[in-house]
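Please go over the structures that come below.
You will see chain A twice below: alongside chain B first, and alongside chain C after that.
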Partner chain A sequence: MNQILRDTTKAFISQFETDKETGFGEDKRKEAVKMLEQALLPTTKTEAWKYTSLKAITSKRYQSPENHASRNLGICCIPELDAHTILFVNGAFHSVCLSSGNDEALIVKSFGEMSEEESIIAEKYFAEISAKDSGIFTTLNTAYNPEGVFIYVPAGTIIHKPVHIQHLTDSSIDIAFQHRNIIVVGENSSLKVIETYHGAGGKNTLRNQVSEIFVAQNASFTGIKYQNEGDKASHIEQCNIIQKGNSVTDFYTISLSGEIVRNNLNIHINGERAHAGLKGGYLLSGNQHVDNYTEVHHIMPNCTSNELYKGIIGGEATAVFNGKIQVYPDAQKTQAYQSNKSILLTDTANVYTKPQLEIYADDVKCSHGATTGQINEDALFYMQARGISRADARKLLVCAFLEDTFESIGIEEVRKYIHAAIQQKLDIQG
Partner chain B sequence: MLTIKDLHAEIDGKEILKGLNLTVKAGEIHAIMGPNGAGKSTLASVLAGKEDYEITGGSVDFDGKDLLEMSTDERACEGLFLAFQYPVEIPGVSMTNFLRTSVNSVRKYRGQEEMSAGDFLKMMKEKQKVVEMTKELTNRSVNEGFSGGEKKRNEVFQMAMLEPKLAVLDETDSGLDIDALRIVAKGVNELRNEDNAFIVITHYQRLLDYIVPDFVHVLFDGRIVKSGPKELALELEEKGYDWIKEDVI
Partner chain C sequence: MADDILLQEITSQKYKYGFTIDIESEQAPPGLNEEIIHFISAKKNEPEWMLNFRLKAYRHWLTLEEPDWAKVDYPKIDYQSIIYYSAPKSKKLNSLDEVDPEILKTFEKLGIPLDEQKLLSGVAVDAVVDSVSVKTTFKEKLAEKGVIFCSFSEAVQEHPELVKKYLGTVVPYNDNFFATLNCAVFTDGSFVYIPKGVRCPMELSTYFRINEAKTGQFERTLIVAEEGSYVSYLEGCTAPMRDENQLHAAVVELVAMKSAEIKYSTVQNWYPGDENGKGGIYNFVTKRGICKEDNAKISWTQVETGSSITWKYPSVILKGDNSIGEFYSVAVTNNRQQADTGTKMLHIGKNTRSTIVSKGISAGKSQNAYRGQVKIMKSASNARNFSQCDSLLIGDKCGAHTFPYIESAHSSAIVEHEATTSKIGEDQIFYCNQRGIDTEQAVSLIVNGFTKEVLKQLPMEFAVEAQKLLAISLEGSVG
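And then the complex of A and B:
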């Protein structure tokens, strides 16, 4: 037994311990607390964490957030976006604003505001797929997290306006906190959720988040995750999505900053003729480290998945991509595609990419590909020969490269917002 | 407008231009011909400022300014245009976005205001006619999926948008069928006036039937070894370059 790792793990867990209760899922919570007694933090010897060291996180002492007031709430808004919004500051529920209109059946509640009936529904989905095998961070979240949001769309309901979950981290001390999403999209329903992460205050922060998303028969779900919490913000999320037959999920992950960012995205396609689309874009600089760890589980036949992750890595930043496609024995006629493309801007930038195909059915079409390259010098010269400065030419090329990862987002205001954020990051770096 | 004096340039330690002299005045069209490997494309690249080439001697004066001191984009903003032999495909960057950035960069350099979106689109529409560019092409990414002929027409289209003082056409005729050649030539002829000038680099006399030069120069082994009126091109077509090689040696 490694005593040092055991001690480190214990100290790490203790930062999150709390007596606060949520009001549902007590059995699972107790079970998780018990599991934590044996749990160990992963190290770079753990295969799934080979390229992401947690030292930067475990060497820091974080406190529980005490103050949830902030003068910087405005940075969470997406200009001109007409959405239902719910805001969390340092992990704590701040406010909710459901825009009036047709979406009367939509439920968006922080855990603390839920009615008894809602708690009963939420409990059914809480820690359902992420109970045992999702690792220590998920267990920790299940054990000690009274905060989160429950979004519920009943069967046969099209939600017209997107739900915007805003997360602001703004603290004058180093803090660690947790958050949980439980999102249920009923049969024949549709929902779009935008989750944006913003930072102010410039302190070291750590977010440990779990999202559990259930997409029922014939339902459609679009998830957009936009991370820009700052250079000192670390972010670990386990996002588990279960899809039923004939459902469609499109999930976007855009990362523009973070000290250690780990996005675990785990999609279980558990019904026939369903489709999952995964797109990710990242623009990294300085010492930023972003690790996208994705798994697509094709459990049933006649399903498709398409995955595209693209990144531009500068400075001494590191990007990690792991793309696992698992095709189960029954999942005949699966079509699963995956691609990861990176551009390195400097000699000191790092990319690790690892596609993993595990196929146990014989009638499937699967492919994966990974490329790493530099900015195209010929294209730069061509643009300069048309009077465009080298810096502007680079910006155009970088935006064009990343655009593939978010141009299919059906909400124009969000596309524009991401585009502008990329431009802004490039302007700052020159 | 352009005075090149004793220009020497090398790439990877190999000297390509070995003392090239050329003077181009406003209103003139100069054709540069010569065998493979003579340095024709190097001359075009050096004028545009490609960094792979090292200038080891000589000078280039462009309208009273030292061209060699300027970056590629500054040269373009000063009014130099290179029509590429192999135009580059830029996936994801739309023709419209590319050209608007280009036109506005040049305007900014000259202290002019940015063009409004409406004015810009109007100008695009107008200039498209010059080379019979279709809207389908300008809606795509820069050169992406363009045929060889479409790429060359696109070069002339960009030239029409930027209205340069001096345009260098680097083998714009290569790979063109006769119809495309005619369209490209028509574009150049429509753009030529008393205040601008063209350097047309070509292998074949054919293009010069459509773009009639005032002078023809033979580039051989990094130098201009013979200059003459437009009839020189015909003579080259007929006799090849061997007699010139013999003359030089």
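And then the complex of A and C:
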């Protein structure tokens, strides 16, 4: 059994092996390559992967992408959004467009385009939090990924326009590739990043991504992740965020499709009086499988976190939510709240929820709640009684249910875009 | 700080029931092998099928590894240094006079209702001292109704067809490491059979007591409630102070037929170890009930204050339509106690309902975890679950953890879970102080209120004991 797993792991890793170099972090890279020799893929017996089987991924043979051109660049755009954009096609850097204005201090570069100076800064943050126990996918990314984006905001800078990282997967063959984000928000600075994932081509694809985000003292960071890569796209991401004192992070994860989607979101609150907000919404159909695995580490006192994940699951889809809140021994006066709500539309859909509270300090207020249920019949009846068709009433309720998870996004164009995408998905499903 | 003094007081609170008794005992040599199993089986004069059941379990056990997923931490158990069989006198007893006076003394110290005065309280007692049932009262009265309430070994002799029919049907011999071990070496326990349509006229109660040093106690309880019957079963435990860790791996199986109801209450107060965590009982228990047919109901209530390690998940399989499962729990940990406890509710039938209320209180340097699973199968339309897990932290060195697993596969099922963790609010204490209630009393008041929802589920006699235990566990109360 173990030998089979070893072989599968080896075959899986070999799909990503490359000699290309990034130009920084060579030591960490070598260390990661070495660690991979011992690494094994998680199975459903691994507690953290209990509800997500990787068979769909490991049974496929992916190639490394060669073609990075696409005619479908247009689908990546968010209408009317005024943003600095950087585009990646099949994992490779395509183009960057920094909109003119007063965000001069902002650095947005693909790894390949970086100056020597920038490389030195990036190296400092590279693989810094994605330490040894982050798992095989992170190690794999560290070992064999030459591509990614580096975003740097110097201290005391407010970036007015959001940064939009566009990912497009468009291939005529089955491909697997990696991507890495290193985002540094300096002291007293503020940054908003939107990451969108779109797909075309309809081939099996696998993305293995790592994001490392550093939010310094008094800084503010908003991250929005919008996934709609298609039913054959698998997506594994490890997103690690470190927050310092008085900082604020808001992170949104919206998932509308994917074969196997695994979003690991780890927030380390490593400074006093910081706040982290995590929100996630998912609308699933068909055979889609989305697994949101979040961890909030309250390391220092007087911090707050608030987590809300809501999902609508139809077809034969599966939604998994794992929310861990860990309050460290010294983190007194922590307030951590978490909530996960799911609605099952069909009897073939599955929901697995596993909230976790691990609390080692006494003066804390922590709670979590989880519900799974169905669309409220009374509400449907109420609307039908007022002349709204049952189908429309359902759509309204579904939309309203999910709206909670993204209405607080401060960028109106993005909020509208997500809303429209949900509407559209519901229209197709009927 | 007054708080610190109070904290000290509670941490230095000695185990009140810590004493040992000396009973001439007959015991097996330490260690575990097929020979020992043959010895136990022969000692108990068991039929061959029983021996085969044990051997099958033992052989399977050899292939298993000790589980390590629970949030507990303890030195490795050496299963070969445990004595698997130990019995006080094996002669038959008919009246109290024949009972070893030392045992009576022990019971008296514990306040166990075995003597006449206690009989008046209407409790039938099947008292277990070290693996063998010593005394069963009220048997005749129960027999009138057709209720069978006897020790497990007696049941094997006198009602083999019933035991054979139900043994291992809820917790199979290969269920888990500790349950399998129990299957191989269990020495005694209780057997209850309630015939069709009978409402058991009294609360059935068993007091367990671990006694001989180095003796793991492996009880096995089997309760079968036939159609339309009702039984309330109480189980309470205390144990003497010991320096060596003692292993306790019990198995409890409940079977509820159509419209039957089983209410199972536990007050557990085994020796929790001293303030450094030395000694104390390892309590690895597998408890499971099945609502086998429609409209059945199984209710677990537990008050866990003892043991150095608790690993216990009383579960209900809701197989029959409209069946109900309940779990009410108070778990108190102090000093270096560790508890990983919770429940599993498996919804298979239609319109099945389950309620989980778990209250954890951790003090000192203890760790207290709730781990529970609610699983709604595809067949369980209109299933309903409500879970609530609250934790109270006393002192800044302890931990409270919650690990609920919710798995829903039916759109008409409604599952709700909520958990909170907090400490006793300064404003709550202040409010009480202001009204002339000192801090100590205020804490006990708040703890009492915190656990009330669970304690009120216990039968009257038991609730009193439970409250006493809570008071002892958190005595000198805490700030």
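Simple rule for what comes next: the second predicted complex is superposed on the first by the 429 of 430 C-alpha atoms of A that agree within 3 Å, B and C clash if a C-alpha of one lies under 4 Å from a C-alpha of the other, contacts with A are read in each partner's own complex, and residues count from 1 in each chain.
Just so we're on the same page, a residue touches a chain if its C-beta (ideal position, glycine included) is under 8 Å from a C-beta of that chain, and two chains touch if they have at least 3 such contacts.
These numbers come from a predicted model, not from an experiment.
Peer 1: Check the residue A:Ala385 against both partner chains and state whether it touches chain B (first), chain C (second), both, or neither.
Peer 2: Once the two structures are laid over each other on A, A:Ala385 reaches chain B alone.
Peer 1: State whether A:Ala92 touches chain B only (first), chain C only (second), both chains, or neither.
Peer 2: The answer is neither, since A:Ala92 touches no partner chain.
Peer 1: With both complexes superposed on chain A, which partner does A:Ile107 reach: first (chain B), second (chain C), both or neither?
Peer 2: In the superposition, A:Ile107 contacts neither chain B nor chain C.
Peer 1: With both complexes superposed on chain A, which partner does A:Ser342 reach: first (chain B), second (chain C), both or neither?
Peer 2: A:Ser342 contacts chain C only, not chain B.
Peer 1: If you stack the two complexes on chain A, which partner ends up touching A:Leu73: first (chain B), second (chain C), both, or neither?
Peer 2: neither
Peer 1: Identify which of chain B and chain C touches the larger number of residues of chain A.
Peer 2: Counted on chain A, the partner with more touching residues turns out to be C.
Peer 1: By the touch definition above, which chain A residues appear in both interfaces, chain B in one complex and chain C in the other?
Peer 2: none
Peer 1: Inside the complex, what are the residues of chain B that reach chain A?
Peer 2: 48-51, 71-73, 75-77, 81-82, 84, 87-93, 97-99, 101-103, 105-106, 109, 141, 158, 162
Peer 1: List the residues on chain C that touch chain A in their complex, please.
Peer 2: 69, 376, 378, 381, 391, 393-423
Peer 1: Give the list of chain A residues in touch with chain C in this complex.
Peer 2: 47, 51, 329, 332, 342-374
Peer 1: Once bound in the complex, which stretches of chain A touch chain B?
Peer 2: 376, 378-379, 381-390, 392-393, 396-397, 399-401, 403-404
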